Amino acid sequence: MPCRRAFLTAIASTLVFEPLVRARQGSTTPGEVIADLVAGNRILAIENVLDAMGHISVRHPSRPDRFLLARSMPPEVVTAADILELDFGGNPVDGSGRASYLERFIHSEIYKARRDVNAIVHCHTPSLIPFADSDVPLRAMYHMAAFIADGVPVFDIRQAAGMTDLLVRDAKLGKALAASLGNKSVALMRHHGAVVVATSIPNVVGRSVYLDLNARVQIQTAALGGKATYVDPAEAKLRMADPNEYARAWELWKRKVAR
Amino acid sequence: MPCRRAFLTAIASTLVFEPLVRARQGSTTPGEVIADLVAGNRILAIENVLDAMGHISVRHPSRPDRFLLARSMPPEVVTAADILELDFGGNPVDGSGRASYLERFIHSEIYKARRDVNAIVHCHTPSLIPFADSDVPLRAMYHMAAFIADGVPVFDIRQAAGMTDLLVRDAKLGKALAASLGNKSVALMRHHGAVVVATSIPNVVGRSVYLDLNARVQIQTAALGGKATYVDPAEAKLRMADPNEYARAWELWKRKVAR
Amino acid sequence: MPCRRAFLTAIASTLVFEPLVRARQGSTTPGEVIADLVAGNRILAIENVLDAMGHISVRHPSRPDRFLLARSMPPEVVTAADILELDFGGNPVDGSGRASYLERFIHSEIYKARRDVNAIVHCHTPSLIPFADSDVPLRAMYHMAAFIADGVPVFDIRQAAGMTDLLVRDAKLGKALAASLGNKSVALMRHHGAVVVATSIPNVVGRSVYLDLNARVQIQTAALGGKATYVDPAEAKLRMADPNEYARAWELWKRKVAR
Amino acid sequence: MPCRRAFLTAIASTLVFEPLVRARQGSTTPGEVIADLVAGNRILAIENVLDAMGHISVRHPSRPDRFLLARSMPPEVVTAADILELDFGGNPVDGSGRASYLERFIHSEIYKARRDVNAIVHCHTPSLIPFADSDVPLRAMYHMAAFIADGVPVFDIRQAAGMTDLLVRDAKLGKALAASLGNKSVALMRHHGAVVVATSIPNVVGRSVYLDLNARVQIQTAALGGKATYVDPAEAKLRMADPNEYARAWELWKRKVAR
């Protein structure tokens, strides 16, 4: 509780930044950012993007060198009281001693490297692993996944650190992952999963859900045989001119997790 | 509310057409047409034909140059109060300023071109995309999908308009789609989804559900290997002599969404 | 109501046959046969073997030349009051005028031809269509589907009657299907579905559920590639020595539909 | 009831072993071992690893020559009162005459052969059968299934006993299965299913759930085409240094079955 109050006080003192936050996050008050992060956790669980593992974060609305992430727990049962504020060293700033996820460096290093990114999902979604483990590139099959039309890199942790337990356990590994991601929206992680980035919580949730659907579609297309085509990068660019692409889905998903 | 009342008044004044409506729509009163459209929205959502996106419309029961379509919102949560009446320009006639879907021109142009069509579904059902994106034609695998035995065209928006955001944003694109559909029951939309048409709401819902199942079956048949056969167009024609093919399913689905 | 009372009276008058019924059906009273048939309808719906279409019947416990089948309606919502008693002409004997399924001749003709059969399912389960539509034979992948190790014939209605609407609309077509089934447990119906037979309701329900699972397994095995093996007919024969193979599943399923 | 009381008395008399139990099982009291076993049964059912068939056991916390297993019933509905204590002959020790599963020898013989194993699952999970029935080895696709990176043997009952009904009906067959398993974490059983072993109930449940997911991923990877890679055994070894790999999932699953 004290940590949460401290956090709320901290952002309350920066209300002057609110209009910016609103534009960037699709949320209008600090409490709404947290509410959206809690909703994002639950939505990703009920949509089967995350199971007991994986996480979603949001850049701090007024302190761009911090981010919000749940303490180490299953996303499906996260509440507002479970949200921690972390600095770019991956350390919770509330002093309560509660630990966030082991792989929090995925988030800190990407926020450092990508000023345009305000929300990040790390997942093990089964449909993505075939692309992480093989030489078949993940492609944009339809307009709902236009954000990957410019390519999906695959991060191979062995190239950064040799033999590991496959987890992004420190800042060095997080930095290597961020480098692999580059300026793209998604990076696959070989024998592990993926990371998805976007400008807001609704967008990163929408991208994660449709990335899963798109991967299933691509696998089914391969199973069907025949010669496939993919969304043209020029079409994808026009499609992505809409900054609130997943707004309608977001409203529905929020209703579902509010039940 | 006023718009809804206006609409009800409008159709109330045309009660003389009711017997025709009954035969064509499977509904017996104007209120029932709206109730069926609401049910159709929800059924398509629980049957996973639609998610937060996509839409279903019905031709106005007494004014064949108008159609009914929800305002822009997720189909799963549409209620009778959300139904708008639109003219063939794609404009709501109630003056309330509420907007329908961006892609309403899919509906207006098909109703213009096809006098036999009274109900239309536009969807992004994942099972259909492999056929929209490849050179493998969608075929009728069993009697429940006999309506596609005469072929399923694929609409490629690039041939109509070059590079776009893939959406049917205006009447010109809607007209090109309607031309691609021709006299068929389904048109696939490359890198996007599909449009399904029928004589009534129960039929278009039934066709959409079984189109999805049929596509899954065809993909599984390809994965199984071997040499496949398809429903003969002559068998399909005999099968389609039943104008209420999906009546039993419709009654069950309505019970489910009424819970 | 009167028809149901008449039926109950009819079987009440044959209580002398009850021990036989008990052994054969796994049910101990006439009311239990009906209760099991209702449960079977609902179980097949929740297990996705049937949707709004398809049906399950049981041979009359004391009049082997009659059978019990629901009136024409979705299996998921069948109640005891919906069960009709039919003769081998496919006619309800209660005189109430209520109609059973169009394809009731599937049941009447198989009961006529197969004295060992006491329960029949007709279904359109999607996993079975790839085998009905191609030259890949459905094989027993594991012990739960041992009953198909002696082969699964495919009934092609065109060989019996040329071009049709694919439905088994009369006794002649039902007889042709029964001939195709021969002494086997399952016959696939090209471009349509399947028929499954067994000695009792629990067994025909169990077989139908595991036939679906087995078909999915075989398709996945094909997708995996490699060289597959199948349950040896000699192993299957030993396995089928258990006359109550699905008893444990049946108890669980009944609990589920009783909720 | 008397049997349950006898059992509780039996373990109550061995409370001195509790610290050991705690370390090994992740449970802190005898009652918690039983509660975890009940939870494990239900979790495996809701996660679709088990259906009405299959079972999970735990080595007795204080008598390593005994194990706990439900009486013969569907896992989904097991309660604490259904748990039996069995000796290594496969006999319940309570004298109540209640029978456990026919295939209890799977458990007794593996506990005999493997001192490191404290929990065992036997399942027919459909995703595993393609690997049990073909020459394609099951491989570790991602870190969540690192425990199979050292290989998955396939037990062929015909090599032990010629033609059978495929069931592990006696100690001899159980011993042959245990020999096939060797020092591995999983053995597939041709035309039947699999056995999964671990140091604790949470771990064997976690392994069973992710074994299913991993098998699906491998099948999808094969369907996708291309050249696949697998978790390196050295990476897997580092990954498995965590003895509580599935702790977070276990907490979530327990919450779900407690509802």
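Letters A, B, C and D name the chains as they come in the text, with residue numbers starting at 1 for each one.
Here is the rule we use: contacts are C-beta pairs under 8 Å (C-beta built on N, C-alpha and C of every residue); 3 or more make two chains touch, one makes a residue touch a chain.
None of the values given here were measured: they were computed from a predicted structure.
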item	value
Same-residue or different-residue interface between chain C and chain D, half as cut-off	different
Rotation, 0 to 180 degrees and nearest 5, that superposes chain A on copy chain D via CA atoms	90
Centroid distance [mean C-alpha coordinates] between chain C and chain B, Å	34
For chain A paired with chain C, centre-to-centre distance based on mean C-alpha positions, whole Å	49
Chain A residues counted as touching two or more neighbouring chains	223
Overall pattern in which the protein chains touch one another (line/ring/star/complete/other)	ring
Residues on chain C engaged by chain B in the complex (per definition of touch)	51-53, 72-74, 76-77, 124, 126-127, 129-136, 158, 163-167, 190-193, 218-219, 222-223
Chain D partner contacts - residues on chain C that touch it in the complex	140-144, 146, 213, 216-217, 220-221, 223-232, 234-235, 238-239, 241-242, 248-249, 251-253, 255
